[in-house]
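Worksheet for the structure shown next.
Note that the chains take the letters A, B, C and D in the order they are written out, and that residue 1 is the start of every chain.
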Amino acid sequence: QSTATTVGSTMMATPTYAPITAAEVEAAQRAWGDALVTIATEYDTKGHAAAKRLAAQVIDTAYGYGLGPVLFKPTLAASPTTFRTDREGAISYFVGGNSAYPGDSGFALKGWRSYEIENAGILVKGNSATSMGNVTVIDAQGNRTTVDKTWGYVRGPDGNLRIVLHHSSLPYKSN
Amino acid sequence: QSTATTVGSTMMATPTYAPITAAEVEAAQRAWGDALVTIATEYDTKGHAAAKRLAAQVIDTAYGYGLGPVLFKPTLAASPTTFRTDREGAISYFVGGNSAYPGDSGFALKGWRSYEIENAGILVKGNSATSMGNVTVIDAQGNRTTVDKTWGYVRGPDGNLRIVLHHSSLPYKSN
Amino acid sequence: QSTATTVGSTMMATPTYAPITAAEVEAAQRAWGDALVTIATEYDTKGHAAAKRLAAQVIDTAYGYGLGPVLFKPTLAASPTTFRTDREGAISYFVGGNSAYPGDSGFALKGWRSYEIENAGILVKGNSATSMGNVTVIDAQGNRTTVDKTWGYVRGPDGNLRIVLHHSSLPYKSN
Amino acid sequence: QSTATTVGSTMMATPTYAPITAAEVEAAQRAWGDALVTIATEYDTKGHAAAKRLAAQVIDTAYGYGLGPVLFKPTLAASPTTFRTDREGAISYFVGGNSAYPGDSGFALKGWRSYEIENAGILVKGNSATSMGNVTVIDAQGNRTTVDKTWGYVRGPDGNLRIVLHHSSLPYKSN
């Protein structure tokens, strides 16, 4: 008579639609920060055309515009172009030079050399995840700019995370 | 010889874990706006204790603090209490009077009488959804305050949506 | 000049809507097996009424009938009562005695004393998960019955997994 | 004084990660049935090599082997090759001719000309969905074979559903 009570599972490869992990979110955040520094450095060393080319690549890799609209409220964007739900608006925000977005001076061109990210929290909801916290970007002179930042991610078709939500704002200052 | 090719499905009730719809998101947004107006009116007619009681109820109904931490960056919150991941911090923001949050004067107590919500977009990701857009709150004198607003929702145990992400910020103004 | 590039995250409690893990699936499988043995033992020691009471509790705990319809094809169910999408049909399958299901003799009453589960795989898809493999149930005389088994899970309102899909079948035997 | 209380949303295109609908599940079921008939007809008119080529295409289109392991328990598969978690095992089941699967005679080669699908239910869980019910396949002579069928779907990288769970079994017959 057997009295064994066992549960065994064959090891399986992780499917590409597996749930997102907090570690993946942190890796995607680092990728965003690294890309910002890379674009700024490209601009300083090779000029605007090279920076713009790179920014387009970065946006296609890091954001989910290829999957559908993205909810993107950049730090320095104001009405009537506050929300950049399409790729063109995102590129304009990062490198400027688009007459449809006259307020954009190119956020990624401002000499950024490093960054710090401090998450207040990461929420994983299954096939999507969101993070909220402070992001500080630091330029070649050591000037620091800190913003309140929300990012939302889904897993893209290649298995990598894509930003489909990005709300960035300057900290509130009471008078 | 049969050549019929048919697909039929028995009608089924909607399970409580069914995907979130955009219509549910809009209903949850209206519930948030209605609740803000109700708290403000309660304060103006019945005083602070009544408003605080009501605010606690509203937060328990509209937000997901009962499910885990919430990523909440209120419009007028600043460091070191920018992020309100627990219920106490949320209640303080809405009705003030908490010495741990000396900057909070009670956002829900400022005479709000109506609101307007204009979504730039709603993204449904399965069992979660996010929205981004402008929310305008209007006080008894007709003064309008417009903010850039991101909300993220999951379905709670009772089938109703709960806010688990809320990033609100004053519009950027270039100098 | 700062060149630090860091990503830090505050620890947060796991929300109740967090993704399902393979370990949770295995625990839910053990709970199902343990419950089967418990019902069978209850029947042998305390009789049918006690076993039926227990079965109803087990079904409410282990299955998701409280969340909506469940897709349940029990091993020994045949047309026209093959699919047990409601709670009554599930209870009948486990303990019999329901004139609406004349074919049900009570699968949980057959003297089960232990079980073995061997998963061919567990797929976690975010807020749901499925497993497939063999389940062997063993009675007091040591007789073994092995079935091909698929289970699908969602997280219930209390944070515990619930079976919302269960397809069980006798192994195919070629002639 | 404004008393307007409105909620408006800009229309947005559906992202590729949008929740699965029941209509998509039914369309994927029809695609599976159509493919089975197409392979059977290809075999009858063009022979085994053509049928095998087609079956491989169909499996790559309809199943999620490209996303990771698939939980597939075919109707007529027995131990030790009951579960076909990889593509090769699935192709063998449909068209046979693989010495690693000596029991496979090619299920898709048996003259199927039409099909009927009757779902007992479809459960949509967000980014995945499952169905359970009866599938009847009908050959050129009008012979009907009915099975109990469970399918599970996720959305693939191209936006189309992929089968990642498939449990098929002959109906239970009591003696």
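Here is the rule we use: a residue touches a chain if its C-beta (ideal position, glycine included) is under 8 Å from a C-beta of that chain, and two chains touch if they have at least 3 such contacts.
Just so we're clear, the structure is a prediction, and the values are computed from it rather than from any experiment.
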**Request:** Show which chains lie in contact with subunit C and also with subunit D.
**Result:** A, B
**Asked** If you list every residue number at the subunit A and subunit D contact, are more than half found on both copies (same) or fewer than half (different)?
**Response** same
**Request:** Please report how many Å separate the Cα centroid of subunit A from that of subunit D, as a whole number.
**Result:** 36
**Request:** Please report how many Å separate the Cα centroid of subunit A from that of subunit C, as a whole number.
**Result:** 40
**Request:** Mind pulling the residue numbers of subunit A that touch at least two other chains?
**Result:** 10, 12, 15, 17-18, 68-69, 85, 120-121, 123, 125-128, 131, 133, 154, 164
**Asked** Quick one: do these chains touch in a line, a ring, a star, all-to-all (complete), or other?
**Response** complete
**Fill in**
Residue set of subunit D touching subunit A in the complex reads 10, 12-18, 64, 67-69, 85, 126-128, 154-158, 164
**Request:** Would you mind writing out the residues of subunit B in touch with subunit A in their complex?
**Result:** 68-69, 71, 73, 75-79, 82-83, 85, 103, 120-121, 123, 125-128, 130-134, 148, 150, 152, 154, 164-165, 167, 169-174
**Prompt:** Which residues of subunit D touch subunit B in their complex?
**Reply:** 1-10, 12, 15, 17-20, 22, 26, 29-30, 33-34, 37, 113-127, 131, 133, 138, 140-142, 144
